[in-house]
Every structure is written in structure tokens, then in C-alpha cells.
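Just so it is clear, A, B, C, D, E, F, G and H label the chains in written order, and each chain counts residues from 1 on its own.
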Amino acid sequence: MKKELVVGLPKLWVHHLGERLECPGCQYPVITRIIYDVIDELGIEGQTILICSAACGFGIILTTPMDAVGPNHGMGIDVATGVKRLRPDCFVVSFGGDGDIAAIGAGAFVNAAQRAEKYTLIMVNNGHFAMTGGQLAPTTLMGQVTTTTPEGRGPSMGYPARMPEMIATVQGTAYSARGAANTPANYMKTRKYVKRAFQKQLDDVGFSFVEFLSACPTGWHMTPRQSIQWIEEKMIPALPLGEFKNVDSLE
Amino acid sequence: MAKGEIVIDEMYCRGCGYCVDFCPKNCVTLSEDTFSSLGYQLSCFVNSEDCTACGICGFMCPHHAIEVYKYVEV
Amino acid sequence: MGERLFVIGNEAIGWGALEAGCEAYIGYPITPQNETTEWFAAEFPKRGKVFIQSQSEVGSINILFGAVATGYRAMTSTSGPGWGLMQEGMSHLTNGEMPCVISLVQRGGPGAGTTRHGQMDYLSAAWGGGNGGYKNIVLTPASVQETYDFVQLAFYLADKYRNPVIVMTDGLLGQMAEPLELRTFDFGPLPKKDWAVRGRVNQPDGVRRAVSAMQGLMPTPPHPPYIAFLELLKVLDEKYERMKEAEVRYETYLTKDADLIIVAYGYTARVSKESLKVARKKGHKVGMIRLQAVWPFPYQIMGDMASKGCRFLVVEDSLGQLVEDVRIGVQGKTEVHLLGALARHDPSDGGMILPDSVLNEIYRLMQ
Amino acid sequence: MMNEELNKRADLIIAGLGGQGILMGGKLLATAAMSQYKNSLWLPSYSSRVRGGPSECTVIFSDDDIDSPVLSKADVIILVDPPQLKLFERRIHPGGYLIVENTGLSGGIEREDIRMLPVPALEMAVAMGDRRASNMVLLGVYIGITKSIPGSLVEEELSKKFSKKEKVLSLNLNAFRRGIEEAARFCR
Amino acid sequence: MGERLFVIGNEAIGWGALEAGCEAYIGYPITPQNETTEWFAAEFPKRGKVFIQSQSEVGSINILFGAVATGYRAMTSTSGPGWGLMQEGMSHLTNGEMPCVISLVQRGGPGAGTTRHGQMDYLSAAWGGGNGGYKNIVLTPASVQETYDFVQLAFYLADKYRNPVIVMTDGLLGQMAEPLELRTFDFGPLPKKDWAVRGRVNQPDGVRRAVSAMQGLMPTPPHPPYIAFLELLKVLDEKYERMKEAEVRYETYLTKDADLIIVAYGYTARVSKESLKVARKKGHKVGMIRLQAVWPFPYQIMGDMASKGCRFLVVEDSLGQLVEDVRIGVQGKTEVHLLGALARHDPSDGGMILPDSVLNEIYRLMQ
Amino acid sequence: MKKELVVGLPKLWVHHLGERLECPGCQYPVITRIIYDVIDELGIEGQTILICSAACGFGIILTTPMDAVGPNHGMGIDVATGVKRLRPDCFVVSFGGDGDIAAIGAGAFVNAAQRAEKYTLIMVNNGHFAMTGGQLAPTTLMGQVTTTTPEGRGPSMGYPARMPEMIATVQGTAYSARGAANTPANYMKTRKYVKRAFQKQLDDVGFSFVEFLSACPTGWHMTPRQSIQWIEEKMIPALPLGEFKNVDSLE
Amino acid sequence: MAKGEIVIDEMYCRGCGYCVDFCPKNCVTLSEDTFSSLGYQLSCFVNSEDCTACGICGFMCPHHAIEVYKYVEV
Amino acid sequence: MMNEELNKRADLIIAGLGGQGILMGGKLLATAAMSQYKNSLWLPSYSSRVRGGPSECTVIFSDDDIDSPVLSKADVIILVDPPQLKLFERRIHPGGYLIVENTGLSGGIEREDIRMLPVPALEMAVAMGDRRASNMVLLGVYIGITKSIPGSLVEEELSKKFSKKEKVLSLNLNAFRRGIEEAARFCR
């Protein structure tokens, strides 16, 4: 009778490198686990260059033994373009927040897809600007209270951004999906999305993009369990999970 | 007979309760009285008999505090 | 002697970059530097090098950050409003100690200003126009050949100091054609780019690298460039001092016996030199300091000349920017006069500072 | 006045409207001069707003350094757009030449210290089959008058430039040579 | 005496704007100025005023251009990298002569630098960091009350000169709470905003208006602000001169008999004043010039003090920016010392220039 | 028997104000005629504020008696937001090029729609950056030669942007369409699109957007007639004409 | 019988030929020999009998060089 | 030492960890002091990276101008996180007080020119039903010791702050008053 480790610290979460700064129940480390596990499964860790823009997720740059670039908020998409164009032999994953990509990065986002840049972009959507204290993001739900929508988001502040749906209309986009980890089943689906996105890059097809709905208990002023419910009851109805584009050629 | 077991690292558990909510076999609970050094309520492994080593608690744990082991015959 | 071409300044930038082993160019169209972007579009792809037309100058400068993070040589070029949009990026590139070259072909300003020549980005380029305070070497060639030479020098200095280097010309130098001799320089050895990202397996020591635009704020183990903010400041400060020591560049002309020293760079330096020669023929003791770099600035020689009692005439196609540095340099020991953009010969954006205007100013000061 | 300065320095301004081959002609000349002079310079100038508006370029070749790339005045001005005559009359050095397109030229110049050479370049070009060749006629006249560089150099450049365009080449060569002949008229 | 609140500096900015009749705020979150953005989000909509959270600081500054083009008072606020991104817009606002207010809460730099206090945007703000060369009045309050007062002054000056005005504080002043007395000022009459767009039928004379970020490049009949580029330059130059004449602002403290003059602004001015008092108790003749505006700069008084033989100590939380202006001011007539960011008491981004450090520097210079 | 003027100089093209700088066959003045005629028809000329970014189209700011703002390239969308928010009583039309909106303005474009800014944006798509000498734009067709794609646009330079299709996926968008004037019939259709877009603004529904395929004979190095054919045979197949969104409420 | 007529302003016509191509009644041609002051080939109104005053040439003209008139009984 | 300075100036630093009510407590005090002193200042300080990391604020009230908003040293320090004892011991003026949370306190201070006052604030708060009230206990002790402002002012502020939260209010009022009583212990 032997014990065999089934799940533990992700192989690429080289913990001693990093501190663990996330708040209880924060799902940043969950999407990170997915990314690390898939990279590990594909055996491309040594070729990978990770790009993490300034945001709550920046902490993951501390945890990995992979080459990494830490640009400022809003720069992550363009920086990934520069890295991938100069090192097409490397595997490039750019990792940013919803503010990062849907607000300040929107122009870079649309044009990276239009240019069919061949890397993978992961957007962690926690529905607001967490790092700066919980302001409105383009992804914020209608009625959601943030520090810049104290009465809840109303029409005068616009409507929730649906980035995967939008970018799916761009010819240079090879893959686009939205996942979550509010249930083990959705965790598994998201893992599949991330793997497909990575495969598009490995197959040199085009731009690949995955949005992840991520619990932010601190910013939402909820318990971790309430946050999971919020994702279930509020976020997913407004931002449906699934694949929005999945092509093997851009023509 | 238990198919496996889990080990919870008290140093990293932050008492979010995800493992408790998502274990299909109800093998995990949040203890009322034990707290981590950072002051978080700790989860603990109970009903160990029922654990199927499915791994769910492991990958749903945001703080990588759980190790899931499967028993294998040798 | 190398091959001899007849090309405009904006093309010379491309030839220089090619000679320097530049692997990637990122740019966004803007007049009067479009010929540079178009040169790279024509010449780079067919050589297997990278040409990217970005979505904006913010895009250019941020893509450049990623490109040079890999350790390859890369550059961008812009003018006017595009330069304004790059200010945040310049600040990040300096924080991250990213070696790169930016070609700035000055046009009139402020705002959209004009699409033609001007010398109005001096303070922005030489004093760190973006947020947070920083310094970049700013080379200022005055001919097509020197533009080509300085682009190569710029790539060398960028790698030497791990700092952005700006090659600053103007619409006139950029549009003008002169013979260009293609030649190579040996500037000396350079440190290995041990810090660059290239995939962990490609790292000689097999240990990961991490580069960041947030040095001092976010550590990136196992190479926390600077664990604490103050460390970063010390390193940058010390680096700036080294540049001030070693990288001052200027050319003097007939300064020995001069009573009046003209200070200028770029096109106005060439215009002024012509006037100076005429004035000399008329027996006026005029000399000139032509700046080949405006940062670091040659305060020393300004001070020395001032002590000798020379008066100064600054000729620049702006409302007065270079003149501020000259004032610091002369330490109030002598008069400093400005012949600026208000002396342009024509009210339209075609207006320039002509040799006649400089000559008249010299005469005015000499009687 | 030109000859004593031969192989020393020559200043030329070509002016007209966009589309009259002003910039191309000037650059051709400056390129051709490279092998003859230590330095050669070509500076185009355009008005940033109006299309088909005024267009002008400066050409300088010299064995000395060329300092200012901009000229207040030139030895010779080739004016392809006669209506601008008054404007450019002022910008010629004493003893210099104003080579001007004849068609559309009304009235002469006031200055007596310069010489105006009207050339029916457009007519000649049309006669040769393409109005666009008129700029080469005028360049021919310039070379014929100033001999600042041997015509052969210009012809070489033309051959390089239009190596792939047989007809365009011969057209331009013809126009240029006819211009040189035309110059003889004035030297008499 | 008006109502008395206890608020932080970042909130005082909002109260001042409200008092000044500001109709719109446009902003994008960035630490350490988020409380300003959040204040407007909470207070403006319920008063029927406009609050816009832009998609980026480029968005903020360009939306601001449109907002003030209508003749209403509007403002934005930012820090660090956000300020870098606004540089092109600042240049356009100046070209278009758009009256507006920008609150700049300085943080450490370069790049992302730190999310806390710093005084490292001096040169960028005071010398025109963007393209093309331009000047903006830069007010530098040192308390919560003065922040509130200067925001009102800023709106007045912006309208008076049709030019952007910057209110520059720092993360420390922005985060700190002090009593605030709500009060109104009568700064005097202002020119009508006859140039603003509001729909032709709403123009008193029924003639259309056109405003532009390309004055001097593109005319906008029947009001071609400046048909020719040079005209624009003349108008701006003349305007800058008027500001230099009328808008120099500073406060002197015990300078009469002083041998050593401390020059500072913002938080370091308050720190320095405390040290100065201690030094005075110990009999050291120390005085101070606190800058309430860093552009236009009080070169005159610096020169006068220098002539009297005073030595200077500049205290600023940067690697040396304000000190450059002081050098221009003293014209080499005296020593100018810098106590800068390298003197911070703590290597982390929490590090500050503490009273002790200033005091020790005073003692060092006084023996 | 009397003569009655049917078509002439558009009422709002107050000619003496402006010069006419466009090249022969340039269709900038054609879309301008449409905009002016519809504004005139709606009788809102006096309330209108026109925004024209720096581009070949800037000339139209010279021709109109309407209030106008002339921002730099890339600023036109944000400037329109500022103007409209402060003067909701005014009618705001922002007029820009394809580079202006699909390249440098893409972030502003996406976010103006996400915020449901209530003005009308007209994008003049001539397939390249005309004003700066004919460089690639995101809208450039595959194979099209520009000064930065001397061999014709290939996949390494991405794929043509389809802005109306993309922005139609954004909730804040009330109207989105693409028109042309390669035939009198399409001219009429485009006029209808523009009128509907304007109506959305008048009804305060949301963001309204019309793309116009515009002949640029000079930049394309074609005769005017060839340019019209190019639109017919090359552009329209890649960028189909029609309405992509037309809703009366954003909910 | 003609239903209307058009007037072409020679000062603004730039010879693009759109009116020629789009007139459904072929009432307009580009003249071979007349040029505008700017040197552009000019279009001219022919077959005036067939003109229906439909306005097409007018609004398709990029340079607003055409005025279209309809004849109406009084 | 405090009393002679009463109504003149008081310096206080409150230090601990994020979530211990450090900033709220300090701001409450500074607000309360407004009516009593000409000037009052509150300066929070946080570490930009670590959440739940060290948190600290400075409170100054004075009838003179308050120049430096940052203190090298303070008259009194309230330390809610005992492990940082050594760090803060250094930052107290001679004759000053170090009010420190008892739970988790190991060992004392070295300096003899200051006085350490350990307070079982956490225990007391838990006894009152909510650990989060411990900061108010410590504020009470501070007021009891220094009398820098009348406790009534603090109670007023509390009442304003929690006007809508009955229970929270009484809890905090209790904690604050118990703190003042506790202070008596030390004054004996």
C-alpha cells in the first residue's frame, strides 16, 4: 500500500520564491494553478515567458521559476507582442486584470488581435480595479457597488464589457473563451479552455484569449463563500461561460 | 475503506471554506476552535473513510494548502 | 572606404540601425519621420528582421519594452505628438533599465504644431519629460552621415548603460539628402545581456530571469533587481553620474580667440556656422560650440568660456529651451542671448532661422 | 561668374508646383554631382497643407563643407511656375541666372544684376511627346549654362533611375540634351 | 468663518473644485490619488454634475479637452504613470489654449516607481514634459487648506490666461487629514468665454465657433485663431511672459538675517520648517523660501538672496529637479546644496525626508 | 415654366469659408454632403457641434457654419465624449479616419461604446493613412500595397479590421452600420444609415456608429474611376455593407 | 422633352468622371479639349433632352460642381 | 511632563497591523481634537505591497502651527502589535509613554527614560463581546493618561460616527470608558 500525490502545490509554483499575499478566498492563485499545470502538462515550462501586468495578480511573478516580464498596468499586451515577435520560439502568456485589458489596454487588445499576434492572453475578471481599492471596471455588473459607483453601476456609467464575445469578431483571433472556477466542473472546463488557447499558440494559428471570472472577497466585501455565489448568481448570467471562437486557420 | 487522504498545511490554509463546500463526500469541515498563525479559522479532514482522493479540494483550494494522496496497492 | 549612398536623414537612421545589428523596429506613422518607418517596412522583413507597425505611439514604446526585454537590439522613431504619447513608456524603460534607441525627428509644437521642422522637444528629451524623473542620453547629429553614425553609437551606449538613448534630429535634417558612407565602428566591448528573458532553458545558468518596469516596487526573485525603492534610486543616480562623466559630446569651432560664442545643435548649428564664417571674414571674433549631445550637457566648457569673458548667443528653433541649460552653464558670469523661433523668416510652418538672421544678430551684438 | 567658381560650389533652387517634377529633378542633379564634388545636398520643401501647392527644392554641391542646408539666395533658380517670378527674382545672387518656363510667362524682371533665361520647355516637351519631360529640358539648360557638372553624369543617373523603363529613359535623355543645346542660344 | 471639516488632501481637491463651480471631473484610478476620484464619484452625480471614469489617462486628458471646449470648468487628477500618459494631451491643451485644471499627486518614480509619496514630477510639470515646448502654471500647496484654496485659484488662473493649470501635491499631502475651512474667494473679473463651442444658435452673435488642438496648423474660419504658425508662437510666448510677470508665488520665512536659505515646496517644505525652527533655537541663522508655485519660478528673489551672500539648501524628495531652477536663479553667486531622495530615512517606499535629516544637514552646513 | 434647384452645393457647405483641398475623386466631400444634408433635413444645424480629427477630412471643418472642434489624430472620440457630456442638449458628430478610429483610437472607441456615450461617430475608411502618405491602416485589405506594406499586406501584418461588426457586440452600442457611395443606390443607403444613427442620438438611446468606404484616388494611385471599382470589387467583398446593430433600447 | 438641366461649375469640376459614369441617361461626358484653370479635364452636359433631373450626378459629384435643376410648370 | 504641555501640543503614533483599527482610531482622535486645538493632523501610513501588513498612523494636535506632518519621535506610542516593541521603543521622546497590547507581549523595554504601559485590551474587548473593540480600550488608556483632550470629545465623535449603529456604538463607548478607568491604575 503506497501513497501517491494526486494534487498538491503546482509544480511551477516554486513557493519559496514568493510570498503569498492574496486575501483568503482570492481566486488569482486558482487560475494561476491552471496556467501552471497546463504549461507543465505540455512540457514547455523552459520555453515560456510569462508577462504579468501590475495588478493584484502581479504576485504570481514571484512564485514561478519561468522567465517573466513585469510591465506596468496597461502595458502587458504590447509587451507580450514585443517579446513574442523577437522570440517566436518561446511560449508567451500574458496575464492581466480586467481593468488592465478592458479599460487602459483595450486599444492594444483589439489591435493585437487584428495583427493576429500569436500569444495567449489571460484576463482575470474580478469585476473591478482591485489593486487600487475597488473602483469601477468596464466589466463591473449593472448595480454593482464599487468605490466609484457608490450607488451601484447605473447606465450613466455604461454596461459590462464582454471581451471574449467582442474579440471573437476579429479575424486575427484564433481562440476566445470565458471560464470560471465557481464549481469543480467549471474549473475543469476552464482548464480545457486554457489548454486549447495554448495549443493555438503552439500551432501558430493566431491570437488566443481566455477570460476568467475570479472571486475577490476582499474587494467585494464578502466572505469567500458569498463571492462564489456572486459569481454563480450574478456574474455568469451577465457574462456567460463558454467558447466564442475556435478556429484552426484565420482565412 | 478509504481510497485516499488529504493533508492540510495549517501554515497556508486561510479558512475560505471552499474545500468544505466542494468536497463531494463531505470529508472536510472548518474547525470552530483552531486558528492559523495568521488568525484564520482552519479546515480539517474528517470522515476520512469516505475520501475518494478525487482531488477537488486540492485544486479548488486557492492557497495550495491541501495535498491529496491516493492509496495504491504495491 | 565603404559604399557611398545619397539618402535623406530619415533613411540614414535605418541604415545606421541595420549596421548596428538592430533586430526589430516598431513605429507608427507621423510626419516628418515617415520615411524612417517606411525604410524599415521595406528593408527589414526581407532580411528576416522584425517590422511592426503599432496601433499608436503608446503601443510603439510598450512593444519596444517587450522587444528589448529579450536582449535583442530594437528601436522606434517618432515626432511631435507621438513623442508626447511615449513619455510614460520612456519612464518605464528607464526604470526597467531597458537598453533601446528612440529616434526623435523634431517638428514644431506645442500640440500638433506643424508637420515640419522645429527644435521644440529639447527640454522634454533632455530633462525627462515623463513621470518620476529620469535621464536619457540625447545625441544630436547635424548631418546625414552623423545621423547614421550616431544611431550606431546610440545602440552602443544603450547597451553600455542599460538605458534608453535618444537620437534627436529635426524635420529638416530628416528630409534632407547628403552623401552617406556606410561604415562600421568598434566602440569597444559590452557587458553580456545576462538579464534578458529568453526562456529558462536558454539561460546559461538555467535560472529564470525576470525584468520589470517596476524595479524598486515589485521584486522579481531570484533576481530581485532592487529589493527596495531607495536601492533603485541609488543605482540610477550613480548611473546618471557615470554618463555625465563620460558621455558629454560637443564640437568647438574657432572658440580660442572668440568674444562671442554661438551655441546650437542640429540644423540651426549648420545655419549658424555659415553665418559665423561670413562674420569672421568681416573680422568679428565669433566662435561656436555645436552640441552633439544635449544630455549630458557640457556645462564645464560653458563655464570656462564664460569665465574668459565670452558672451553667448544661443540659436535654436524654439521659444527658448537649450538656452536654459546654457544659463545654468555660464553661472551668470556673462550675457546669454537667444535667437529663437520668433526669428523665423516666414510666418508659415515653412519658416526657418536663416543664415541672414543669425548674421544680423551677430552684427547687432558685435557693434 | 560661374566658371571661376567651377568645381568649387554651386547653389540652385528649383521651384514650381507639386507634380511638376521639381523634387525629382533636384535630387537627380544632386545625386549626379556626388562623384564630382566632395559634398552634395538636396533639401525639399513642401507646404504641409495644400496638395499640388508650391513645391521647391534646394540643391548645393561644393568641395568645401556645406554648412547651411537652407539658402537665403542662390546662384541660379529654375522656375517652372512663371507666375511666381517676382517672388524668386529677389532670391538670386548678383550675376546669377533665373531660368524660367516660357509658357505662362508675362512680363520680365526688374533687376539688372541678374539674367533671366526664358525657355519654352513645355512646348519642347509636348513636342517630344510628354509634357512631364519639361523639367529635364530646364535641367539641361542649367547644365549647359553653368557646366557645374558634366551632362554625362546626369545622363548616367537617368540611365540608372529608368533602367527598367526604356521609353521614359529616352524621353528624358532627349529632353535633357535638347535643353543643353538650348542653353547654347544664351551663351552666344 | 465657513464650515470646518476634517478631510484629507485628496478630498480637499474635490471641495475646492466644487466651490470653484467645476462642472465636470474626468479621472482614472491610480494610487495615491484615488480618494480624489472617489470623492467626485460620490459628490458630483448627486449634484447633477458630470463624473466620468475614463478608460485611461490618455482618455482622461482628451475627454477633458472636449469638456472645457464647451466653456465649462472641468478638471482631472492623476499620479505617476498616469501623468506620463497625459503629456501629449497637456501639449494639445496648451496649443488649443484650453483653460483646465490638472491635479497631480506626486508619487515615487521613474516608471511605476512607488504608490506612495515623492516629489519627482517637478521638471515634467514645470518645464513642459510633453512634445513641442509649452508652459503651465504649477501651484504647489503644502497643507490641506492650501490645497483647497489653490484648486480654486487654479480655476481662476486657467480662465484668466486660457491655459492649463496644474495643482501639484504629493502622496503624503494627499493622504493626510487636517481641518479644512470652506471659504470662497473673489479673484476678480474674468474674460467671457466667447470662444467656446455651444451650438451656433447659442452663440450671442450667431456666428459659429471652432476650437482646435492644431492652432497655427489648421485655421478654423471664421475665427482662424492664428492663420500662421508663427502667430501662435508669438501669442503663447507673450502669454508666458505675462504669467512670469504676474504669477510668481512664494512665502519667505526668517530670510532677513539668514545665512542659509532653505528652498522647498510641498511636504518637504513643512518638514524643513520644523527643522529650521529647531536650528534657529540653537542660534543658526536659517531662513526659508517655500514655493507656492514652481512655474513661474521666483528667480528674482533667489538672485537677490544669493547676492547678499546667502547659501542655499534645496530639500526635495527627488534626485534633484527643483535644484536646477535654484541654480539658474542664484547665477553661480553662491553654493547650492541638495538634500534629496537619497536622504530618505527608510529604504522602502515608506521612506521620507525626516526633520532630523534636514536638521543634521543644516548643522553640517553651519559649522 | 420655372427652374427649381434639386441638388447643388449642400446648404451647410458654406463654401466661402473654406478652400477645397481634396484631390480629384476624393469621396470625403461625399460623406460630408450626406452628413450636412441629414443635419439640415433634421433642422439641428444650430445645435450641432462637429468634431473632426486631424486627417485628410479635417478640411471639412473649414466648410461649415456649425460649431466645431479640431482635435489631433486619435483624440476625436474622447473629445466628443467630453463635449456631449457637458452639452447633452447639443447634437454631436465626431468624424474621423480609419487610422484615427481603428488604430490609435481603438481603446477610446471600444470604451465610448461600453460607456454608451450618446453621440454619433463616423469613420471614413479609405483603407490606409492618407494624410501621412498612405501607410498601412488596420482596415487595409489583404494584398493591398501601402508605403509600409510595399509587397502588399500579408498575414504578418494582420487582417482587415471590421469595426462595425466588432462594436455591434458591445451593449452600449445602439446603432452600427457600414456604407459606401460606389453607386447612387449605395449613396442613398448610406444616407439612410447616417440618418438612423443620428436618430439614435436624438432619441438618447446609445452610441451610434457608421463606417463609410471612401475612395482615395491619390493614395491608391488610381484614377477616380478605378477607385470606385476598387471599392466595388475589393473593399465591399471584404467589408460588407449593411446594418450590424439597430436597437431602440440597450437593455 | 427635357425634365430638367444641370449646370457644371468649371471652377470646381476636377474631371473625376463620376457624373459621366453614374448618369442613367448618359447626359454627361468628359470633353477632350476643355480644361479647368487647375488643368483638369472638364465634364459637360450633353443629350440635355434626356435629363430627368434625378439629381444623381449632383450628389455623386465629390466637388459639388454640379447644380441640378428641375423644370416645373407655373 | 504631559500636563505642563496640555493644550499646547500632543504627538501620538498608533501602530499595529492592517485590520486592527489603527487608522480609524487615529482619525477619530484627530477629529475629536479639532474643537480643542487650533490645529490637528492625521497621517496614515501603509506599506504598498503587503495586505494585513504593518499599519501605522501619526496624530498631532497643537495650538501652534503643525509643521512636519511626519514625526521622527512621538510623546506617546500606542502599539497594538507587541512583536514590534523593539522597533517603536526607539521612537518615543524621553519621558514619554509606550501603551502596548498585553496579549502576545514578551519581554519589556530597555530604555528607562520612557514608561511602558501594558494593557490587556484584547482580553477586555473579548470580554465585552468583540475583539475589534480593543483599539478603543487603548485609546481610552491614552486619554486617561495624557488628558490631551477630554474623553467627552471622543465620545461625541463616536456617537456621530456610529449614530446609525446602536450596538457598535455602545460597544465602543464601553471599551473607551473601560480604557480610561484602566489608565487610573497607572496614574496611581
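We take it that contacts are C-beta pairs under 8 Å (C-beta built on N, C-alpha and C of every residue); 3 or more make two chains touch, one makes a residue touch a chain.
On a predicted model such as this, the values are computed, not experimentally measured, just so you know.
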Starting at chain C, find the fewest moves between touching chains needed to arrive at chain D. 1
Return the chain pair with more inter-chain C-beta contacts, choosing between F-G and E-H. F-G
Report, in whole Å, the distance between the mean C-alpha point of chain A and the mean C-alpha point of chain C. 39
Using the average of all C-alpha atoms in each chain as its centre, how far is it in Å between chain B and chain E? 56
If you average the Cα atoms of chain F and of chain H to get two centres, how far apart are those centres in Å? 63
Within chain H, the set of residues that touch 2 or more other chains is 48-49
When you check chain F against every other chain, which residues touch at least two of them? 23, 54, 72, 103-104, 106-108, 110-111, 115, 138, 157
Residue numbers in chain E touching 2 or more other chains? 31, 55-56, 58, 81, 88-89, 92, 111-112, 114-115, 213-214, 217-218, 348-349
Show me the residue ranges of chain E that touch chain F in the complex, using the header's touch definition. 23-24, 26, 50, 52, 54-56, 58-59, 62-70, 72, 74, 88-89, 92, 197-203, 208-214, 218-222
Enumerate the contact residues on chain E facing chain A in the complex. 28-31, 34, 37-38, 41-42, 45, 51, 53, 55-57, 81, 111-112
Chain F - residues contacting chain E, complex: 17-18, 45-49, 51, 54, 58, 61-62, 64-72, 75, 78-87, 89-91, 107-108, 110-111, 115
Using the touch definition from the top, list the residues of chain B that touch chain A in their complex. 4-5, 12, 14-18, 21-22, 40, 53, 55-56, 58-60, 62-64, 66-74
Per the touch rule above, chain A residues touching chain B in the complex are 1-10, 13, 15, 20, 22-30, 33, 181, 183-184, 187, 217, 223-225, 228
